[in-house]
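Labels run A, B, C and D following the written order; every chain starts at residue 1.
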Amino acid sequence: MSHTPEGTRRYSYLGPAGTFTEAALKQVPEAAGQTWNPVANLGEALNDVVTGASDAAMIAIENSIDGGVTVAQDALATIPGLRIIGEYLVPVRFVLVVRPGTKLEDVRVVAGHPVAYGQCRAWLDAHAPAHRHLPATSNVQAAADLFAAEKGVDAAIAPPGIQDHYDVDVLAEGIAENPDAVTRFVLVSRTVPVGEPSGADKTSLIVELPEDRSGALLDLLEQFAARGVNLTLLASRPIGDRMGRYRFVIDAEGHVKDERVADALLGVKRFSPRVVFLGSYPRADRIAATTRDVHDNDAFRDARDWLRGVIEGTPDGES
Amino acid sequence: MSHTPEGTRRYSYLGPAGTFTEAALKQVPEAAGQTWNPVANLGEALNDVVTGASDAAMIAIENSIDGGVTVAQDALATIPGLRIIGEYLVPVRFVLVVRPGTKLEDVRVVAGHPVAYGQCRAWLDAHAPAHRHLPATSNVQAAADLFAAEKGVDAAIAPPGIQDHYDVDVLAEGIAENPDAVTRFVLVSRTVPVGEPSGADKTSLIVELPEDRSGALLDLLEQFAARGVNLTLLASRPIGDRMGRYRFVIDAEGHVKDERVADALLGVKRFSPRVVFLGSYPRADRIAATTRDVHDNDAFRDARDWLRGVIEGTPDGES
Amino acid sequence: MSHTPEGTRRYSYLGPAGTFTEAALKQVPEAAGQTWNPVANLGEALNDVVTGASDAAMIAIENSIDGGVTVAQDALATIPGLRIIGEYLVPVRFVLVVRPGTKLEDVRVVAGHPVAYGQCRAWLDAHAPAHRHLPATSNVQAAADLFAAEKGVDAAIAPPGIQDHYDVDVLAEGIAENPDAVTRFVLVSRTVPVGEPSGADKTSLIVELPEDRSGALLDLLEQFAARGVNLTLLASRPIGDRMGRYRFVIDAEGHVKDERVADALLGVKRFSPRVVFLGSYPRADRIAATTRDVHDNDAFRDARDWLRGVIEGTPDGES
Amino acid sequence: MSHTPEGTRRYSYLGPAGTFTEAALKQVPEAAGQTWNPVANLGEALNDVVTGASDAAMIAIENSIDGGVTVAQDALATIPGLRIIGEYLVPVRFVLVVRPGTKLEDVRVVAGHPVAYGQCRAWLDAHAPAHRHLPATSNVQAAADLFAAEKGVDAAIAPPGIQDHYDVDVLAEGIAENPDAVTRFVLVSRTVPVGEPSGADKTSLIVELPEDRSGALLDLLEQFAARGVNLTLLASRPIGDRMGRYRFVIDAEGHVKDERVADALLGVKRFSPRVVFLGSYPRADRIAATTRDVHDNDAFRDARDWLRGVIEGTPDGES
């Protein structure tokens, strides 16, 4: 493993400095003072982890406005040897920046990552109706494009704080449609033993359905419902071999070391032709799963004790 | 334990000799040559087992025409320390017998156990329209009543072979309505360790529902369905404290040492305020449970192995 | 129809006067002042209705201690042309009566209907340990048997008030085990149009399952659960053709003219090879069904209006 | 409505000529000889329909590799007054084109729509390892970019047939990873009455769940499963107000004028706080829905006839 320098850990993230992904990485206490490696895209970030070039990668996995980051979901579903070890939320806020001196009425070409542009379009249509969009590969790159003359960019959609990295003027703040928008990031390492439950955890899975029949998804969901395990995410992604075949990206409340989650996973595993366990990790929102007594660890242990007594014939196979 | 004589086992059954219950006991190879104790009713039979006076009791539990023998179901639900160790089927056939010389046209009073009478009533209405029914406590007692002059009995509904025990003439055979009628008996012992699966087993339970809500029974049935465990019997019995509260008598296909049955029982146990395990024993009909691969013992073992690997972080938490 | 006398209605019930069945019939306002016809058994009572000899029959259908009156359930499942039009509850209390002068210590033979005897046995074992049981065909007949010398009866288990009908002494009151025991009766007529909902109704059905598979009962229960219809009774009865085949006796909360009940019945009817509708009638306990807004009549009407708009293409096929 | 010219119909589609969307529109018999209006993006296409500028718009809705076109799903979920009236499948195949004379070894910058690039990346990595990707707004625009000197594009990922529109050389064909990839398009009009079933139809819905609870999705799926209605698509999309709240994009087999589909929609409508009906239309693959007898139109009609008889009291409320 190439720690750089010796003894430190290395984290890959979608750079350059100033991105939301960097903001997510700043929330990781263990990452402070370690080596941070900005990369150009998700593929590089995960490749760094797979090859051992980095110890972990921070990647965006879901946006409260746009939904799942499908390329990340698909990568986790298909690249072996990865595990999610943490989850982080970053508020999505955007500013409109220009080269010093440019005025709003002069803005014709606006650079922006397509997702960011979608969230800011209503504001731009209202305040710069004549604008045209030029896609950028990241929110920070959009700002950098202001200084690539051949691109003809007049303004850029960028994250707050961008002025610390580029010599730009902020023309407007809070230009995204939804002020509560948030992006969910996960920290991904190579496969490691699962940690201990924190009391407010999430477990991520990729599950394929056993066959192409109406009831299969229902049966899958029953595996969780029957153990009182709530799902916080259920997203379908095409398996890719033909139209109409999907795998499911699932986030379940609880930790694989919680009995009810382990039992649900056993049920899912027996049922599904392919299950990928992506990890059990503390939730970003620190909300503990609500569960009824009948699904807590004691209920599972008591039932096992009872069954053992029943089989051994201790007096009264009765609760 | 009062073995009589020394070293033999003692079996209680609803007597006298000649009853269907005796026919069931004759199907038990281990009972051959042991002490057989005829008793007057179910309560005595089970009491013999509870007190240790007998090693086992043969009791009727269900009839294909009349349904569950509710008093037996209720006894098993409420008397602790009992376990079902075998199941036997006896065809239900009846003959009409009289004292030598009596003719069908002279029959006015017909003795018969109420259940037997119900099954033979159509024949009696057709062939002895003027008859009146006098209830008897067993099918053999009905024949005995022919010789209790004060009872005024002219004919008796009795099992085939009754002429070996009493000096009677058989006026008619096969007088029961349904020629395929069968009674199911179970052999009951004190609580003992569960035996090994025979490959064609049944597991009997008494289950109370957690609360008085619409979905509780559905949830109970899901516990079995989710593991591919078929039920051969589901009967409701009043708990007795108030109208509308029921417990359920359940026979499930399979043995508690089959993984899917054990897992279903664990689920039921966590869910239910009261479960009584009555036993896992070979089925009388020797029909093996049909189950899909996803519910066989290998599937359970594979899933556990997978989960262990997932938690320990062996490469690829993937199926 | 043989109304006797001219112009009055005729009600059959298990007689003689003094039975619990008569107590149930006394709860029917419309029966006051009409002709009451005591009969010897359920078969006669229902036959009177089928043939038109009586307008209605009061029959016991369930006991909170002993469970369903299976012969009544089976009769309703198989005799065409009947309909339940009312439900009544009668507390089950028993007294021990003797011929004047008999003392408790002299009691050897106790007459009693088998069900009544079962409920009073604990008291009798404690207070008349040497007693023997002689079955009687009804609770009132047990008292009558005191005066049939050839039967040798010393005491009888009878309903309170029996001393109004027979010259007996009451040795003890409240001898049944459970002071809250109650028997549920239904009033049965020939098939008539269903009445209007009272606001607290019950609907009774007999349903056969489509095939002999694990999930069929689950599917049946889903039909009710999906519409928010609670069941107050679910009892299995053998169909009788072979062991393991059952039909289900179902009481559902609500009236067939309640939209959710009608919709559930449509679902059951499509699913089941045989459904018998036994009636919608006011509940004896006058407890209104609890249901959520999404299952009330308005929700059904709104959904139909919406669907019509959707198909016709009125602006916005949206709620 | 601005038909151009007088009397013809106007279809909007993602242009320019040569796109997969145009290929989809070529499959619409009614569109032949009408006015085709190439637009720059989905928003324009749908806006044309909403305003009446066009009669219909062809839009991409799902790709067998990349999954749902989320922006299209979200637009259909939120823009009122639209209805899907047809479905079309277009195979996704790509060629690599260059200005005449350019050789593969000279390719440095490859223009391509991001989705197309994703599907061709494996080929490009293998055959032009030094390449860099420049995003384009459509597959045809990528080819056009070859002739915008300031962009510095050496090669473009484009659909087959692009050489009919641009003076390009085809360096390689079939460069997409999956040769069976297909894109699903839908033709969208303003809200109109639903047409008649073709026998092989699909019904599209947007459904929000009633509350944030584990079982709500299960309950939704039950509405379809209980009526034997298979789903060909179930995709979750964020509602956008906060993380963890989703609406579901559903394609169900069958037509709203099929009884089982109508009944399922009634159930969904009662259950859900918001349902958008997007249309019932012939399936592109012409595969008829498979359904069991118990869910066909006759079963629904028979059940209604039975229920009417039951309520009216015609002899025998029995199947």
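Definition applied: a contact is a pair of C-beta atoms (placed from the backbone, for glycine too) under 8 Å apart; a residue touches a chain by one contact, two chains touch by 3 or more.
Here's who's who by UniProt: A, B, C, D = Prephenate dehydratase.
Values in this document were obtained by computation on a predicted structure and should not be read as measured data.
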For subunit A paired with subunit D, centre-to-centre distance based on mean C-alpha positions, whole Å: 26
Computed distance of Cα centres, subunit C from subunit A, in Å: 59
Intercentroid distance (Cα basis), subunit D paired with subunit C, Å: 57
Residues of subunit B engaged with two or more neighbouring chains: 222
Topology of the chain contact graph, where touching chains are joined (line, ring, star, complete, other): ring
Set of all touching chain pairs, with the criterion as stated earlier: A-B, A-D, B-C, C-D
Residue numbers on subunit B that touch subunit A, as the complex places them: 80-81, 83, 191-194, 210, 219, 222-223, 226, 256-257, 262, 265-267, 269-278, 294-295, 299-300, 302-304, 306-307, 310-319
Residue ranges of subunit C touching subunit B (in the complex, touch as defined): 62-67, 70-71, 89, 114, 118, 135, 137, 150, 178, 180-182, 184, 213-215, 217-218, 221-222, 224-225, 228-238, 240-244, 246
